[in-house]
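You will see two complexes here that share chain A, one where it goes with chain B and one where it goes with chain C.
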Partner chain A sequence: MLELIDIHTFYGPVEALRGVTFEVRQGEVVCLIGNNGAGKSTALMTISGIMRPAAGDIFFEGISIKGVSPHRILRMGISQVPEGRRIFPKLTVRENLEMGAYSGRGNAASLLEKVYTLFPVLKERHKQAGGTLSGGEQQMLAIGRALMSSPKLLLLDEPSLGLAPIVTSKIFRTIREINREGVTVLLVEQNARAALKLSERGYVLENGSVSLHGRGEDLLNNELVRKAYLGE
Partner chain B sequence: MAGEGLQFPTGKKIFVTARPFIIALWLSFLFLPFKGIRASLIFFFCSSIILFSFRYVSGFKKMFSGMTQSIRIKTRSSAFFSGRFPVVFRYSAAVFLLAFPLISRDYFIDIAVLAGIYIILALGLNVVVGFTGLLNLGFVAFYAIGAYAYALLNTRFGLDFWTALPFSVGLTVIAGFLLAIPALRLRGDYLAIVTLGFGEIVRLILNNWDSLTRGPNGISGIAPPEIMAVSLGKLSHYYYLVLVFVFLTVITTKRVYSSRIGRAWVSIREDEIASSAMGINTTVYKLYAFAFGAFWAGLAGAVFAGKMQFVSPESFTFMESVLILCMVILGGLGSIAGVVIGSLILVLLPEVLREVQLYRMLALGAGLVLLMVFRPQGLFGGKGVFIRN
Partner chain C sequence: MFLQQVINGLTIGSVYALIALGYSMVYGILELINFAHGEIYMLGAYLGIIFLAFFTAIGLTAYNLPLALFLTLILSVVFCASYGFTIEKVAYKPLRNAPRLSPLISAIGVSIFLQNYVMLTQGATDKVFPHLFGASGFQFVSVRMTYLQLVIILTSVVLMVALRLFVRNTKMGKAMRAVAQDKTMASLVGVNVDTVISVTFIIGSGLAAVAGLMVAMYYGLVNYFIGYIAGIKAFTAAVLGGIGSIRGAVFGGILLGLVESLGGSYISSEYKDAYAFIILIIVLLVKPGGLFGRAELEKV
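After this line comes the complex of A and B, so read on.
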């Protein structure tokens, strides 16, 4: 479904991605793990078009989306939950969700109902300003907002950032649920254990390229991963 | 956050108590170079007593808060056209606006026309700065282009106002696009500097391209607009023309603001990365904002040239950009009613303060500083543009 081939992305003179190659298949949950600065978020931003790769190619459903602008990529069905949630703090929960439907993919009213059933707490607080929600609720809002464009592929950037373990596991359960409804998920996480448990397959990024990949369980049992990312 | 009226966000009590004294100290400090230490001290005592007593005059505060509240409701529901504002008030305001030239002296009509032109300008700038959050310090350049375009088309080619208007506005919009191209790559401070540079470039071109613009001498003999062969050279006629344009500006910016485009602008202001993740084409909408703002500046420029029947680079200095920006910020970024009131205040205040000629700019400056300290969102700005309780 999504395929990155030898992607190189730069921040000015700094090469953040040095030839990243991986793929996500229809219906999967795939995670990217790695240390700070390994290029996980850059990879997501390159896919969603916010960053432009200098070399390499990205295919989504067989079509090259390299260098395509972010709003077109979103219309093709890739929706991103940006790192740090980035909800609109002054808008109400409902307005935030409505902004998510800006691209006009799918029927906003029925999507809103769907998001509300997925996250009942958002329905309860639909009139509250986004900035007054708790961290976990804001993350739910950010995910809900991304779902409002009815994506085929959902990119999640650090959904567990700054959340209590109990909230994190709740969010992860919801991601599973979203996946079961047919949305393919690409997940970037610092919390490697939880991410690998959730994912069918995982890729380990190191210094801007993929150093290891395999099934989630295999990576969980991998000596190297256990040492470097699971702290054992 | 900072939106709690006249309260300090941290709610530190000592500051609240000391506030009148801080204000008085600040004002008297400004007086120091003019009147010496003794007068400043006297001024400090008097003003702190006056300001302090405000707190204990019962009802004053209530009146004040009631006033801002009703205005806030007005801002929110765009009350002037919808039903919430008292009908009697609406009609009497309309009658007053229409009858104004019949009942007042030329001097006041002149000021009203000027205020109208500034309202159009400030509303245009509000689209760029208030809605989209792009700081533009060279807005006067568009005003100048609009004015000169009409001046040149009229004096060189003999086009009348209505024929020339689309061209001069169109030219300004093109200039808006041109500025947007480099500006779109920049953010924050850098954007501000580029726009500032643009404003200066336009002024310098007008000043130095003698063969076309006649340089610092300016262009004179511009014909005022005509309607059905009746020249609008008379001030009161011009007043109605400007009034129509002001209403056109208010209604159009309001409509566009509550459209899909307006939503995109506000969302870019709030968070650009999130907006592009929402599928908003940020480049295109920023371009629109620049061009749409420039449109009104071009209109205001042509109206200005028609009124003065004379243009020169002197009218388009950097200070003018700052003044327009002050109007937007004073009234409240992003609030249409606020911007209108802000421009009225900044046009009328220097006239009212004409008695104290020497100090009027001082008072204006001090007032702006105090406003920014105690009410950073502007007089009538709400918490944001999406005001909900």
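After this line comes the complex of A and C, so read on.
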């Protein structure tokens, strides 16, 4: 469904991605794990079209999306929950969700109902400014907003960052639920254990390129991964 | 006397507010002080004279004055909006990712260019806007208000209310607010940020055109330099209210008009232009973000 081939992306003068190649197949949950600065977020921003790769190519459903502008990529069905959630702080919860439906993919009213069913707390707070929500609620809002464009592929950047363990597990359960409903998921996580458990396959990014990949459970049992990313 | 000055202050204040909106909206979205904005207002005044002269020449003004004025207004707005749109594309968009100072310098360049362009094509001397209404008006107790003042205030109020409804309730308005808060995220939800920026310039320039035309009618004289002082005052109004805030621009503009008018009649009219800046300094000392502004205003 999504294929990155030898992608090089520069972040200012720094080459953040040095020939990244990976793929995500229809219906999968795939995770990218790696340390800070390994290039995980850059990879997602490159897929979404916010950053332009210097070399290489990206295909989504067989069509090259390299150099395509972000709003067009969203319309093709790739939606992102970025790092730090990036809620529009002064828009209400409801307006944030409406912005998610800006592209007009899918029926906004029924998508809104779906998001409210998934996260009832958002319905309770629909008139509140987005910036006043707690971290966990903001994460739910960010995911809900991304779902409002009825994506085929959902990119999630560090959804568990800064959240209490109980909220994290709720978020991960929700991601599984979203995937069961047919949305393909590409997940970037520092919390490698939870991410690998959830994922069919995983890629390890190191210094801007893929150093290891395999099935989620295989990576969980991999000696190198255990040492470097699971803290054992 | 006092009420009379309040009416005069409201009239000119609502014009400042219309211009200030353009500064504030563009700043809210691009964090750019569009120094060429005052020139758009000046162009609005000139275009008003030109189109009205055309309608007078073909006899429409004598036949149906309101229609001629309305068409003049529409055409001025359309032309100024195209100027605003083009200026953004030519002078600011290529510098979108450049250091902050570059688009600012570019804005000053556009401003100087437009002033000289108008001076060369229209001459350096004052142009007269025909007296259409004379001084007709109505008396209310001790206050005298001309119809033109009433028209200026009402037009401004209608436009500001319309702008607020647009920004609050329409899809494009929400997109504008989203872009002002987080451009990257706005594009991630599918907003074409370039379009939103263009729309912002078009709306801001359209409002400035209305302001220019109304002031030309009010004072009756226009020259190529009027955009400079009006621009600086409207910018002051925007900062006074808290730049980036629509409400702030409106209140800042009206406050400025009132201060000028009252200060001019009760203190000294020779310092009329200075009052605006005295108030600005006081407000910035007490509340650096402006009356309705955000506290964290460290940019530019």
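What we mean here is this: the second predicted complex is superposed on the first by the 232 of 232 C-alpha atoms of A that agree within 3 Å, B and C clash if a C-alpha of one lies under 4 Å from a C-alpha of the other, contacts with A are read in each partner's own complex, and residues count from 1 in each chain.
The criterion applied here is as follows: a residue touches a chain if its C-beta (ideal position, glycine included) is under 8 Å from a C-beta of that chain, and two chains touch if they have at least 3 such contacts.
All values derive from a computational prediction rather than experimental measurement.
Enquirer: Label the relationship between chain B and chain C on chain A in the superposed model as either fit or clash.
Expert: Taken together on chain A, chain C would clash with chain B, as the superposition shows.
Enquirer: Looking at the overlay, does A:70 come into contact with chain B only (first), chain C only (second), both, or neither?
Expert: both
Enquirer: Applying the touch criterion given at the start, work out whether A:125 contacts chain B, chain C, both or neither, answering first, second, both or neither.
Expert: So A:125 meets neither chain B nor chain C here.
Enquirer: Scan A:114 for contacts with chain B and chain C and give back first, second, both or neither.
Expert: It touches nothing on chain B or chain C.
Enquirer: Is A:99 in contact with chain B, with chain C, with both, or with neither (first, second, both, neither)?
Expert: So A:99 meets both chain B and chain C here.
Enquirer: Can A:145 be said to touch chain B (first), chain C (second), both, or neither?
Expert: Both partners, chain B and chain C.
Enquirer: Find the residues of chain A that appear in the contact set with chain B and again in the contact set with chain C.
Expert: Looking at chain A, the two contact sets intersect at 48-50, 69-71, 74-75, 79-80, 82, 86, 88-91, 95, 99-100, 102-103, 145, 149.
Enquirer: What does chain A use to touch chain C in their complex?
Expert: 48-50, 69-71, 74-75, 79-80, 82, 86, 88-91, 95, 98-100, 102-103, 105, 145, 148-149
Enquirer: In the complex formed with chain A, which residues of chain C make contact?
Expert: 171, 174-175, 177-178, 181-182, 184-193
Enquirer: What does chain A use to touch chain B in their complex?
Expert: Per the stated touch rule, the residues are 48-50, 69-71, 74-75, 79-82, 86-92, 95, 99-100, 102-103, 127, 129, 145-146, 149.
Enquirer: In their complex, what parts of chain B are in touch with chain A?
Expert: 260, 263-264, 267, 270-271, 273-281, 283, 383-386, 388
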